[in-house]
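What follows is a set of structures to go through.
One chain, chain A, links the two complexes that follow: it is found with chain B in the first and with chain C in the second.
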Partner chain A sequence: MSNTTITPQAAPNRRNTELMMLGFAVLVPMLAYANVGLAGDGSLPMGSLIKYGFGLGVFAGIAHLLVRKFAPYADPLLLPLATFLNGMGLMFINRLDLDIVKGIGLGGRHGTAAAGSQLMYSAIGIGLFVGIVVLLKDHRLLQRYTYTFMALALVLLVSPIPFPGDMYGAKIWIRLGPFNFQPGEFTKIVLTIFFAGYLMAKRDALALASRKVMGLYFPRGRDMGPIVVVWLLSILILVFERDLGTSLLFFGLFVVMLYVATERTSWLLFGLFMAIGGAVVVGTLEPHVHDRVAAWLDPLAAYNGSGSVQSEQLAQALFGYGTGGLLGTGLNQGHPTEIGFAARSDFILTTVGEELGLAGMMAIFMVYALLIERGLRTSLAARDPFGKLLAAGLSVTIALQVFVVAGGVTGLIPLTGMTMPFLAQGGSSVITNWALVAILIRISDTARRPAPPAGTFDPGAQVAPRRGSHASGRDGTPAGGTTPPQPSATPADGSSAPDPEALTVAGGVPSAPGGPPPGGSGTPPRPFVPPPNPGGGAPFGPPGQGGSGGPNP
Partner chain B sequence: MNKPLRRVSVFCLILVAALMLRANWVQVVKADDYANNSHNKRAIYEKYSHPRGDFLVEGKPITSSVKTDDKQYEFLRKYEFGPMYAPVTGFISPFVGKNLLESIDDDILSGKDSRLFVRKVLDTVTNKGTRGGNVALTINAKAQEAAYNGLKDKTGAAVAIDPDTGKVLAMVSTPSYDPNVLAQNDRNAVAKAYDGLTLDTNKKRKTPDTNFDPKMPMDNRALRYTYAPGSTFKLITAAAALSTGQFKPDTVPTVPLSGGKLFYPNSNQFLPDSHPAECAGASLQKALELSCNTVFASVGQQVTQEKVKAQADAFGFNNFGKGSQNPLDIPSRAAMSVFPTGLDQGQLMRSSIGQDSVAATPLQMAMVVAGIANNGKVMKPYVVDELRAQNLSVLEKTQPQVAGEAITPEVAQMLQDMMKGVVDNGTGKSAQIPGVTVGGKTGTAQHGENNNKNPYAWFVSYAKGADGKKVAVAVVVEDSDAERNEISGSGLAGPIAKAIMEAVVKK
Partner chain C sequence: MSELTLTVMRLGFLAVLWLFVIVAVQVIRSDLFGTRVTQRPTRRRTAAPAAAGGGATPPPQAQPAPPPQRQQARPRRGQRNNSPSKLVITEGSLTGTTINLTDQQITIGRAHDSTIVLDDDYASSRHARIYPAPDGSWVVEDLGSTNGTYLDRTRLTGPTPVPLGAPIRIGKTVIELRR
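Moving on to the complex of A and B:
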């Protein structure tokens, strides 16, 4: 099973597909804006159509151009899917703003519009996306900072504790003056990078040294340390931050990555039991979690006067789905603000269900499924274990988060305070998710890039001509696109910057993998393809390893 | 690592599939439960998202739906005549429910009725915008206005019925209220108005509700209040007597007077008369004209309790209305009028003149007169003539129904003549209308412990116009501010009855 599903040599450049799909991803929300306006006051909302619909399209277009240049072999669906979800999210937030600003359904309280700031955060997110695609030449650079990321993750995890909690008592916010952050969102990427780096180093010990009990391989006691630590950490999050969602997400993420790294099913079972055990104990002891479980078991108890369920949010959400039915009430014709202000954030899916009906819900779920599966496909295609683990972890993060949030607001599982990736209002969330997609784009670009035949380390002879033809076809103008960013990205490499005229040799003649200049991070004009053998001689590994062709961290 | 990766991919797909299944569960399987949950205000918003159908009186709407900027309650219900029609139509409010016809015919008015479905689809397809169906009332606009104007400064009720069909031509209860204040979109204003109008009897209240109008303006007195009918009940006692065949209008019943007074059995208490001298030895006809208590108390005893009760039941006592086997819905449900069983002789004497435990709604007394005026046949009263679709085509027309034959046509004729005598020569002169045959009966019903409260003034009557137009009316006025000795059926209630009758029979 070591074959990847994508044959390296046959991988086409799919940038035009991406552009076409991106067109759809921008067009559909724009039509939705028109729908909102026509259903409201009967006129086309040119302002929001241009500002939000077209505006996001412009940002996504810029992102596309830079992907075209810096990650030409990247998966063609990731960017359009993310743009579509972000665009639909903006559209829904803009539509909910209409009601929230007027105070409709909010018992006379008036809210402020959020679509503007969401657009700003989306722009920042796409900026970060672009930054990562342009600056992160190889995802394996991240591996170097495994333990730095661990420290960062710990700091981010405990940071909300001193701050006041939300209405459910969940402490997931850092509040600094006018700015609120949800560090949990950032943590998920940081933690995934750490897990990927850590498991890459330890996977052999975890996979091989085990005892067989009843046909299953169980880890040795001393190897159980890490999983116990993460488990405890999740429980602590649950107890101190009362955040069921983050707790579930991180623990689930770790167990899945552990399973992928070690290929040992026993880890899954082991993790499952630990998760259930922990959830049951905390669910019974911790009153906030207990409340949410009660609301999940009987959402309509909010109305029976027993006081066992305080919030009618979930009940109102269910009413919304029921009213929406198969086809929905139509955009701007439902009453999603019955849920309150949360309609724009945690409960945004309810607006989808009410106004676009089951049809809209299925479409949105399908888009998430596509995003997740494209991420996992990237993981399958990746040729280095770190990339595989990282891509798998990031994809599973999205999957778990979508499941936890959507499951919560549809009453499938107890409600947690998390946001639908890209769709919901929330700066931290949208920025983080764009960064996440950027890393996936980077990994998929590396994975799908045509590789030299195994064992050949002379790219100049075989790879360069084909690349050259791609480069010219891709960039349109000779050399213009290929070279200028290089100096800025790799200042140390200035001396070896290729001759702009030397199009056909742009692939790698100037610097063979074995010989980057001292300083390591210097890259050839074209990022080099790692050999199919994972970890073996990664040319852009950590400094000191680069080019030595050997040490597998 | 690819084998676990593929498994993880499947796992992620299962997660999404679980979400999809759940979405199907809440949006298809459970959708109707959730959509129609009483706490789901979206159902109410939906109702207000298109114009509600109207009530029609003589083909003209007395309500309307006004489009507002409100996104939740888009169409505002307007009651053009405010308190005048409130006892008929009731109210509908976004916040405090609905009652009477607004509640009973809600499916038609809101457009939910299945008979309106095809039209609704057509309207949607042709983008005309849907609206509710309409409810055409039997009310006579002029009669309603006359009744309301006569009662609006008093506390009381009036009902007018077409004797031939049972159509309710007027139904007024005062003090009334303006349903527009409950129909408005301002939740707080509605809550405040509703609180001021009603008594909250919720046992969970910590302090008793003191903020309410003690006259209960939202109660429909014409349908839901039972009053001692007083002397108007003498019509039923007379009907029972005439039906035995032993009495004729000119029969002089034997009254066991001693010293000019009629004492209760084994008691030194006696039954008073307002005209004791003329009542002594009066014929049945004369006794009705002067409203002699002694004569009718004795007649009741002679006819026997069973027959008086049977006669009352034939007109609808103990028979229709709330709590009986045969609820009287017009279509709003009326309270049951009562003539009890197991009375001793003293109670029978008082019951025969409409006191003691006898109780009747104004609607019931109008039915009695209507039965007499319709030659003995009591028609089932109704207030909804037709249910109409959005385009006013008739979906359903109420057919007049005979509720029962209370008396023979001969007895009915005798009673009509006797009632005419009351208006021509007796206590009911205030209801005379030149050129119109009018028969009536006054009543002044005592109530309260030891009759210490101001009595109820009753007037029941019928009128037959030259062109065959008929109307039967019952008016009751509760203790108004008048001096006690000025309260009489003739003085207070008679002119109101006259005005209603005039509105119907005069051109």
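Moving on to the complex of A and C:
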């Protein structure tokens, strides 16, 4: 009967699907380069086609090969979708470079091309992606450093404060010589890991100890501590770094992760009210944030100078969408550089909206939605709570960021200084997002990996060191049986904390105790089939007490 | 470049863009429609279609052809009429899940490594187990759960043989053994 077990060869690793999608994802931007060139000077831009289109394809291909080797069961769409967005971003930056170098729309000022450095940052990002996929064998390793990550996140968060604010208003950059980087981008991963680890440990207290008022569960006062701290922190970011986006992202991330961990809707309501309250207060007091709110409320007044602020960005963006209409003006046939300096970074969506129209913009949003959906799907499929929370948090990060940026440049919410993941120009952003996708790939590989094959199943390896320590007192009762005590029968203490040490054995699959048995039924140590308790009527005792003890493996 | 060429290029690129989205959605379809869990002829955990359903489920279903499961009549037990061959969840969030009984025990609880992972506030992490006795019958045993395991209406105090069709109640979940 051992023919019913699963062998890893037959399991689906959908790497060929991934390769196919990856090819498609590289092809679409290349088509766009051709489109840009033909619409411009009527010739194929072989230089940028090969350098940016094909170049990114080569990097992504290398990433694919390493995923094939090191994360064979990972989700087949994450890498192609990320590559697609990155490729489209490079394409748009390259297209904007054409105008910016010529000084079109910038009032005669000539900018420098940015696509080259963006390609370099993409390569670094893919390198980091590969490094994480290869070196991070199990995402649960991150759980061990929960509070280290917290400290790191705090350092990263406050680090831009001593640096002078830049001409764009927000203080979210660190300048070291020729390099600028945005620590807020890196912080989002670090903070997500901390939240996941923290909520893993605390979620029972947050979920269960609550009072019910008017059909909603309200947490106890002392359990409110963490959310208040994070709220204060995000308010402080808003005040000191004047960055609404980062503030919104971190607070929203925490609230959503609280909700995911506890299933209590009241957290979402709380979070919403706290966020709105905080934003309103800071928005009225802080001049920079106040300006942005004013420009959001009446973009045309800000455009023609009749309002209290002078900023034509948002109005130009809206003009762009209007010009694009449903199907767009066509690549390289719009005037997206009218936006000004931020056309390649914050406002890159405006170019999409103008040149590809609503149809193209919706396609881009769909790709983001698919990327986020794959992340949430990974979270559902993950078998350990930490992985679930981490995957959910990372996908929510992307979702919130897309919402904050897209909402900002379309006039739905006040404008913030965040970048569209993968699409916009920005080294920190693209590197961070590749790292984020790498962690998702790692989690999804663990989640979708089938249980180890029968032959390699080693019952001894399943005994968790930590479990063993508190179960050995009971299980170690000497008795004559040959069956070792059942390792999975720890007391029902309500805690489902996984132990990383135990779970990394046997291929990192946590399901092993319920998993497939040794192939033949003749293998002597069959720990999961203890004989029935001979003292049939006795109340349940620990397994192993009723004559089935034996050496503790 | 003529106006016509440019228009064709513009619309063609939008079409390709959406084709990419549609193909990506097609890849996802396998996850949406490929998670039938019942009657899987493997010994793996068949449970938790909701929890672990996503990626892991389509494969096992795909490779061993359905016929073998008809011959689930095991030489040891299956031929005897009164021995159960499958476990069916009849109530609770996992309703409809079927697990073929092999000679492995089935653990039930909220712990994520249980055979049947319950998402139920009234279940303990390691709530109960059901295992085969040497004579071919199946025995249910409460593992010290908080709220208890009920066979029909009686709370279990020790390992108890399970008759065919008798409901085993754990929290909101009801499990039956069937032939």
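Note that in this section the second predicted complex is superposed on the first by the 433 of 553 C-alpha atoms of A that agree within 3 Å, B and C clash if a C-alpha of one lies under 4 Å from a C-alpha of the other, contacts with A are read in each partner's own complex, and residues count from 1 in each chain.
We take it that contacts are C-beta pairs under 8 Å (C-beta built on N, C-alpha and C of every residue); 3 or more make two chains touch, one makes a residue touch a chain.
Since the model is a prediction, treat every value here as computed from it, not as a measurement.
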First (chain B), second (chain C), both or neither touched by A:Pro76: second
Which superposed partner A:His288 touches (first chain B, second chain C, both, neither): neither
Touched partner set for A:Leu380, first chain B, second chain C, both or neither: both
Partner chain in contact with A:Gly357 - chain B first, chain C second, else both or neither: both
Touch count on chain A, higher of chain B and chain C: C
Partner chain(s) touched by A:Lys188 [first = chain B, second = chain C, both, neither]: neither
First, second, both or neither for A:Ala399, with chain B first and chain C second: first
Partner chain(s) touched by A:Leu412 [first = chain B, second = chain C, both, neither]: first
Contact residues of chain A, present in both the chain B and the chain C interface: 1, 3-4, 357, 366, 373, 377, 380, 385
Residues on chain B engaged by chain A in the complex (per definition of touch): 1-6, 8-9, 11-13, 15-16, 18-20, 22-24, 26-28, 30-35, 37, 39-43, 45-46, 71-72
Touch list for chain C against partner chain A, complex: 1, 5-7, 9-11, 13-14, 16-18, 20-21, 23-25, 27-28, 31, 41-45, 50-56, 58-60, 62-64, 68, 74, 102-107, 109-115, 124-127, 129, 131-134, 139, 141-146, 156-159
Of chain A, residues touching chain C in the complex: 1, 3-6, 10-12, 14, 17, 21, 24-25, 28, 31-32, 35, 38-39, 42, 73, 75-77, 80-81, 84, 327-331, 333, 356-357, 359-360, 363-364, 366-367, 370, 373-374, 377-378, 380-381, 383-385, 444, 447-451, 488-496, 498, 510-517, 521, 528-533, 535-540, 543
Of chain A, residues touching chain B in the complex: 1-4, 99, 102, 104-105, 256, 259-261, 263, 300, 303, 312, 315-316, 318-326, 334-335, 338, 353-354, 357-358, 361-362, 365-366, 368-369, 372-373, 376-377, 379-380, 385, 388-389, 392, 395-396, 399-400, 402-403, 406-407, 410-412
